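Okay, so chain A shows up in both of these, paired with chain B first and chain C after.
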Partner chain A sequence: MTEMQKLYLLVPLAPLAGALIAGLFGRLIGPAWSHRATIALMLVCVAASVTVFMDVLKGNVYNGTVYTWMTSGDTRFEVGFLIDQLTATMMVVVSFVSLMVHIYTIGYMHGDPGYQRFFSYISLFTFSMLMLVMSNNFLQLFFGWEAVGLVSYLLIGFWYTRPTAIYANLKAFLVNRVGDFGFLLGIGLVLTYFGTLDYAAVFAQAPQAAAQTIEIIPGSRWELLSPICILLFVGAMGKSAQFPLHVWLPDSMEGPTPISALIHAATMVTAGIFMVARMSPLFELSEAALSVILVIGGITTLFMALVAVVQNDIKRVVAYSTLSQLGYMTVALGASAYSAGIFHLMTHAFFKAVLFLGAGSVIIAMHHEQDMRKMGGLKKYMPVTYWTMFIAALASAGVPGFSGFFSKDAIIEAVHFATLPGAGFAYFCAVTTVFVTAFYTFRLLFMTFHGKPRMDHHTEEHLHESPWVVTLPLVILATASIGAGWLIEPMLFGGYFGNAIHILPQHEAIAKMAAEFHGIGGMMAHAFTTLPFWFSAGGIFAAWYLYMVRTNLPARIRQAAGPLYTILDRKYFIDELYSWLFAGGALAVGRGLWKYGDVIVIDGFFVNGSARVVAATAMLMRRFQSGYIYHYAFTMIVGVFVLMSVWLFV
Partner chain B sequence: MLFGFPLLSLVIWLPILAGVGVLATGGDRNAQTARWIALAGAVAGFLVAIPLYTRFDPLTNAMQFVEYSPWIEHFNIHYHLGIDGIAMPLILLNCFTTPLVVIAGWQVISKRVSQYMGAFLIMSGIVNGVFSSLDAILFYIFWEASLIPMFLIVGVWGGPNRVYAAIKFFLYTLLGSLLMLVAFIYLYQVSGGSFSILDYHRLPLPLAPQILIFIAFLLAFAVKVPMWPVHTWLPDAHVEAPTGGSVVLAAILLKLGGYGFLRFSLPIVPDASHYLSDIMIALSLVAVVYIGFIALVQADMKKLIAYSSVSHMGFVTLGFFLFNAYGVEGAMVQMISHGFISGAMFLCVGVMYDRLHSRQIADYGGVANKMPVFAAFFMLFAMANSGLPGTSGFVGEFIVIMAAIKVNFWYGFFAGITLITGAAYTLWMYKRVVFGAVAHPSVEEMNDINGREILVLAILALAVLWMGLYPLPLMEVMHTTVDDLLAHVARSKL
Partner chain C sequence: MNFLQPDFAPAYPEIFLLLMVCVVLLADLAWGEEKPHLAYLLSQFALLGCVLITFATSAPGVVYTFSGMFVDDALADILKMMVYVTVSVVLVYSRTYISTRGMLNGEFFSLALFATLGMMVMISASHFLTLYLGLELLSLSLYAMVALRRDSVGATEAAIKFFVLGALASGFLLYGMSMIYGATGSLNIARVTEVIQTGAMSHTVLVVGVVFIVAGISFKLSAAPFHMWAPDVYEGASTAVVLFIGSAPKLAAFGFIMRLLAEGLGSMVADWQGMLIILAVMSMLIGNIAAIAQTNIKRMLAYSTISHMGFVLLGVLSGDGNGYSSSMFYVVVYVLMTLGTFGMIMLLSRAGFEADKLEDFKGLNRRNPWYAFIMLLLMFSMAGIPPTVGIYAKLSVLQAVLNAGYIWLAVVAVLLSLIGVFYYLRIVKLMYFDEPETDALILPQGDVKLLLSANGLAVLAFGFFPQALMAWCAYAIRHSSI
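Showing the complex of A and B:
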């Protein structure tokens, strides 16, 4: 094993060790040593990730097996690593955000009875996520995929005495399982038609496979790769919370805030995006799948952003914002602009982490009040939180110069160049949403930090800035949310991803953009002439006007909008529909099958019925065995009489 | 040979003799002695089984550790033992489970201790006999004998409705097996006077008798597995059985049915197996899907896990009748894994039952507040039951689903539904039992698990994780046998 290979192993194993220490011995070593141990190991993980990243930048790509998980038939199922530009980028983002969240947690979870357990979970999460991104095969990808789902389940339900939390975590797990169901079927088709689950081998065969067809529904032949890619994407829809499997993400806000930042904004929910980018050699060959992705991404982008506009819970606004931003990334994938999708994934990880962690900081200060209608004027009490969130809000709204601008603009441009069916719709959604995003982000900022304080007197007296363990990660991440955008040139146009991402010549939206790209300054200058910029500015202005200047207007608009408002407020009634149709339906089916199938038909009719037939026959037979000699004697006489009659007269 | 004794005989008779020794301690005055002898016997039983793994040759398709001596010469019946890569893991699973059951019943069983412990040891030996017999009559004797200890365990130490459950269990399985005996006698006739199972494997048979023999075997094995629709004895038996009984029933006795398909149905009547495979696959998928929904609405935890067992065993029969290596090996892994997981799930319910004397989900709520260590173990096993990767529950289901998709996408589709239903019924139960605020005053008084309980659950937890993270050692011992079996089944006997 080379030094570098040891380092690859160290990256996921360090957080795993941390998770085991805090999880198994947390009670023994106490809270302080639990966070010291996990954070120290996270530092090791970050350092190793960065070293690997630097090494990959030099062009050292690695693909190898760690151990053979099992063999069956002619297939070897292995655990292994594929370290290339895509993986290395994800490793750095994941481990870095995770480290920040570890530090932040010291402040946020201070004094919680489950302190050690919490550190154990977030380290375990980091391990799982790293196994997911570092995998070189579908099986290990699925392992990481489900493992992050498990930790997400544990963390959403971290405060397990709250009914809402344990409802939300079950919901999250099951909705994700629906996605995983599709994902597993996709993996099954890959194994069936490619005979291996190893990425490199599968991708090498992809062009031949593209010529094959498959008949899943008898009578209609499809291109083989279309069902495969669509099924894999169903998995991504679950994990990356795309419509219609998005319902779990807003509820997941029941978990502690650091989790919302780490898992439900920066890393886990982007697993689907990462997966599709990783599978680009397959997805590129299925235009049907890309079209599906464009449409699903477009719907998620616009319609989830609209819901964010009417939310009053600070975390829920950010949650719906996350859904919408994930929609952007999905749209990028559909437009074959994988690198733009990953780029937005990275910038979003930073600015959304700030928004969540900042919201968390506000929530601590407000004594766990999350309703923005009871906030206001927090700016003077919490300057660091305010300014970091302000930066993140600018990034989120896509103001030129901030990271979100570069990544979002790249996506919008790419969709503009895309020609597949659905691209027009996706473009419309992506552009319109710029306005909505700017509006809800600044609505959040104005309602929380500006204007008159609306909290009660007692809370206001105790308002203060959070401790340094909370603000330090905010400052670092805010810096990243400015700086990350400036990497656009190397990441999108510099051939950064090398062979990690594969794009067909006819889908070269990024290449067309590269032709028009004239440096970062040019991109910013150009922005002032485009629709997205003015939409963004308009959104900020509208938020300012409605929530700073004419503060009585929103209520009147709400009244005027009537049913429209209700639809948004109730999130298009999708939750109600699902709980009636799926949860209620499954229980009704279960009760019906149990009662009529098992109890009445099988047990009642066949089992106990045959027992009854035996008993009835036996009862009948018993009559003849009365035990009285005169019965038997009488029967004998009758018998003899009958026999003699027959013998005599016939 | 170990200490001059043939290994397989040792594995069979050592636990039985130890069981008789335990019985000899008599009444409950000597309960403690009985427990220790039982533990020693069970551990010894496991230790003597280990050489079966270490000395096993994974590269040969012949039977290993063969013992052969005449028994009833007039009918050509032999004491013929031998194992291959299918039987060996099941014997190990059985020998592994017995000590756990003894430890789990240590304090819980206080009446007729020697009989309870003795019954488990004797059953352990008998089951090893089933897995290693190569003579049909010897097999049949062990097969039917295994009913007796379980009948007593349910009927004597069971719950309030134990007599109904015990009789239902006994009659159901006995009736199922009778036709198997008829099939053996028929095969004895056509084979020219042999009861050797290996002779039957080579015996040419026309399709019509093959189908009749298949149905005769099917009744015996389908009841044991149990397959839909002959599964209804299982929930009743589980509900009434004491914890140890449930563990052995789920972990071991169900596997007798699965083993039967591999040892008898597939190799003896391969053409009938192919001919009827669509029906078998359909029945298996019904078990997976239909039972998954039924498990969702159970109010009794043991019933829920029993139904979950039926659903998981559906993967076993599904895997067998796909006739590819993934399917059969996946089904084997599923059997071993189900042994660990269902055993652990029943132990978890038993742990709670010992404290609260209720199996109803509604009587619990917020157990995690009072029993955090237990909650962690229970979580692991619940996740394993939902087929989470990294646990043994994933491995078998995964390969069988892969095998199913290989044959027909829709088989895989229906089998895959378990991903959703399995998680739904398991985790919904977990939520209502373990999560939440303390729901009843009685839950408030529950104490966390003690060292003895931790020991048992930790051993199972390690087994579940080890098999989930590194199934290769288990798979490797099966390859040759399974390949050989599949090649055999592919050849027509007509």
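Showing the complex of A and C:
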């Protein structure tokens, strides 16, 4: 094993060791040593990730097997690493944000009875996520996929005595099951038609596979790759909370805020985006799948952003904002601008982490009050939180110079160039959402930090800035939220991703953009002539006007909008629909199967019936065992007779 | 008359053991009163000596001696080694049990060693007469061991049944052998094989002979419908003796089958395959189903043995090397599990208390979680639940059956063993989910404690690494006279 290979192993294993230490020996070593151990190991992980990243920048790409788990026929099930530019980027983002969240957690979870357990979980999450992104085969990808899902489940229900938390984690688990089912079917199709689970081997065969068709519904033949890609994308829809599988993410805010930042904003939910980018050699060959992605992404972008406008819970606003931003990334994937999607993933990881962690900081100060209507004027009490969140809000709204501007603008431009069916719709959604995003982000900022304080006197007296363990990650991440955008030139147009991402010539939106790209300065200057910029500015202005100047106006608009407001407030009634259709339907079907299928047929006939037959036979045999020697001897002689007759008559 | 000195070397272990039995008898006579443990220690020493001698005299290839009546090959060496180890473990497990029941004397040990000698002769026989000699030496010792508890009505009854039915089975066997002799004109196994291949004899006579031989062997294996003695003997005899009967002799019986059916009558596979299918199916059916209705754990294990022997026959009936080695693997695994299970019964029994009812296992987990866990492993393995070794044993014989082309038979075997899972898991349920009826302490001797734990863990370890044992069995079959 070379030095680099050892380093690759170190990256995921360090957090795993941390998870084991805090999980198994947490009670023994106490809270302080638990966070020291996990953070020290996270530091190792970050250092190793950065070293790997530097190595990859030099052009050293690795693809190899670490361990063969089992061999079944010709199929090998392996643990392996594929380290290229895409992986390295993800490794750095994941480990870095995770480290920040580890540090932040010291302040946020201080005194919680489950302190060590929490550290164990987040380290375990980091391990799982790294295994997911570093994988070189579908099996390990699926393992990581499920493992992050499991940790997410555990963390949403971290405060397991709250019924709402248990409801939320169950919901997340069930909705993800739907996505994972599609994902597993997709992997199954890959295994069936490609005969291997190894990325490189699958991608090598992809062009031949594109010519193949399969008959899923008798009578209509489909291109083989379309169902594969769409099923894989269903998996991504579950994990990355795309419409209509998005319903779990807002509820996941029941978990502690660091988790919302780490798992439900910065990393895990982007696993779907990463996966599609990783599978670009497959997705490129299926235009049907790309169209589906464009439309789903478009719907999620716009409609989830609209819901964010009417939320009053500070975390829920950020949560719906996350959904909308994930929609942007998905749109980028659909437009074959994978690098733009990953770029937005990275910038979003930073500014969304700030928004969440900042919201968490506010929540600590407000003694776990999350309703923005009871906040206001916090700026003077919490300057660090305010300024970092302000930077993140600018980034989120896409103001030139901040990271969100570069990545979001790149996506909008890419969609503009896309020609696939659904691209027009996606472009419309993407541009419109810029306005909505700016509006809700600044609405949050104004309602929380500006204006007159609306909290009760007791809370106001105790308001103060959070401790350094909370603000330090905020400052670092806010810096990253500004800086990350300036990497646009190398990441998008500099051929940074190399062979990690594969784009067909007819889908080269990014290449067309590269032709028009004249440096960062040019991009910012050009922005002032484009629609998104003015939408963004308009959104900020509207938020300022409605929530700072004419503060009685929102209530009147709400009155006037009537049913429209209700639809948004109830999130398009999707939860109610699912409850009625799936939960109710499943209950009805289950009751039917239970009463008729299970009780009568299975229990009555098969189970109890066969048990009765066996028991009766057993009693009969007992009777033969009479205890008399002559009975026994007679049986033996009959036995000889039977054996003899086999030969005589057969 | 010139007398040719035969080569004694291949039979050194047998000769040594015979001498040692005499030593045990004499020593017990002289010092038995003062030193009751002397016979035990001497017996263990004898077995250890046998291990060393067998190891030292093992030579590659097949060696015949005593005018071709005795053979020494890899199969013989490996099976004998297993017999020594098994008997030795049986003696360790039984020591406390028989000492609290006043049987710790030369009789038990000398009979056990005589039986061992009989098994060794069976395993190394290459002549019908040696086979029969070994078998009778084993059987007579076993009859006497069952009857060792003279004051127990159950034991006496069991011994009489065992003896009478055993005599009948011996009659079958001898009659079958005489038929073979009539048809081929020889009692030498190698010679019989040659003659059968020439085909110059009455096929009818041969097949009648095979039927009687198979019936005789089935009795030894306790395969249905020649199994009726087993439940009664298991229940009536003392647990130590049952452990002895249920373990090592099965290894010898396997050797017997290999010498007689696989080697001697190997070219008649087509004739005995059908018979073995009937025996196997009946054994698995009767064994698994009748076990459900039992309340006595020894009786239940008797039926369990019957069904396991059905599985052993499944491996044999495929009639090729792979089948034989998978069958051997099954026997070895069976012996391993039987040792542990009966060891556990003896562990739980005390003076005046037999622990042979199913209820006696209730709440074992509360009384002693470690032994409950060991018993759980053993029961899982008996039932064939991964990751214990039992699943591999079943898997390998089923593989052999499939290779022989009997898919339906494999399906039947799986279904019947599925029924069997019930009564094994019932013990697990009793141990873990029921309240204990007694809180008597379990205080085993140090060596029993260690050995029993190792025994249970071995079931798990071989479940993770079955290859080594499997390779050993395959080696034994490949380098034998078959």
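By definition in this document, the second predicted complex is superposed on the first by the 599 of 650 C-alpha atoms of A that agree within 3 Å, B and C clash if a C-alpha of one lies under 4 Å from a C-alpha of the other, contacts with A are read in each partner's own complex, and residues count from 1 in each chain.
What we mean here is this: a contact is a pair of C-beta atoms (placed from the backbone, for glycine too) under 8 Å apart; a residue touches a chain by one contact, two chains touch by 3 or more.
Source: prediction; values computed, not measured.
In the superposed model, A:Ile216 lies in contact with chain B only, and not with chain C. When chain B and chain C are set side by side, the one touching more residues of chain A is B. Once the two complexes are overlaid on the shared chain, A:Met70 sits against chain B while remaining clear of chain C. Contacts of A:Pro505 after superposition: neither chain B nor chain C is touched.
In the overlay built on the shared chain, the residue A:Gly521 is in contact with neither chain B nor chain C. Looking at the shared chain after the overlay, A:Leu593 reaches chain B, while chain C stays out of its contact range.
By the touch criterion stated above, A:Gly59 is placed in contact with neither chain B nor chain C. When the two structures are aligned on the shared chain, A:Leu174 is found in touch with chain B, with no touch to chain C. Residue ranges of chain A in contact with chain C, taken from their complex: 614-615, 617-619, 621-622, 625, 627, 629, 631-633, 635-636, 638-640, 642-644, 646-647, 650. The touching residues of chain B, counted against chain A in their complex, run 168, 171-172, 229, 232-233, 290, 293-298, 324-326, 329-330, 366, 368-369, 379, 383, 388-390, 394-395, 398-399, 401-402, 404-406, 409-410, 412-413, 416-417, 419-421, 423-424, 427-428, 431, 434-437, 469-472, 475-476, 479.
Taken in their complex, chain C has these residues touching chain A: 160-161, 164-165, 168-169, 172, 207-208, 211-212, 214-215, 218-219, 224-226, 228-229, 231-232, 271, 274-275, 278-279, 286, 289-293, 419. Across the complex, chain B is touched by residues 67-75, 139, 142-143, 146-147, 150, 153-154, 157, 160-161, 163, 166, 170, 173-174, 177-178, 180-181, 184-185, 187-189, 191-192, 216, 586-587, 589-591, 593-594, 597-598, 602-603, 606-607, 611 of chain A.
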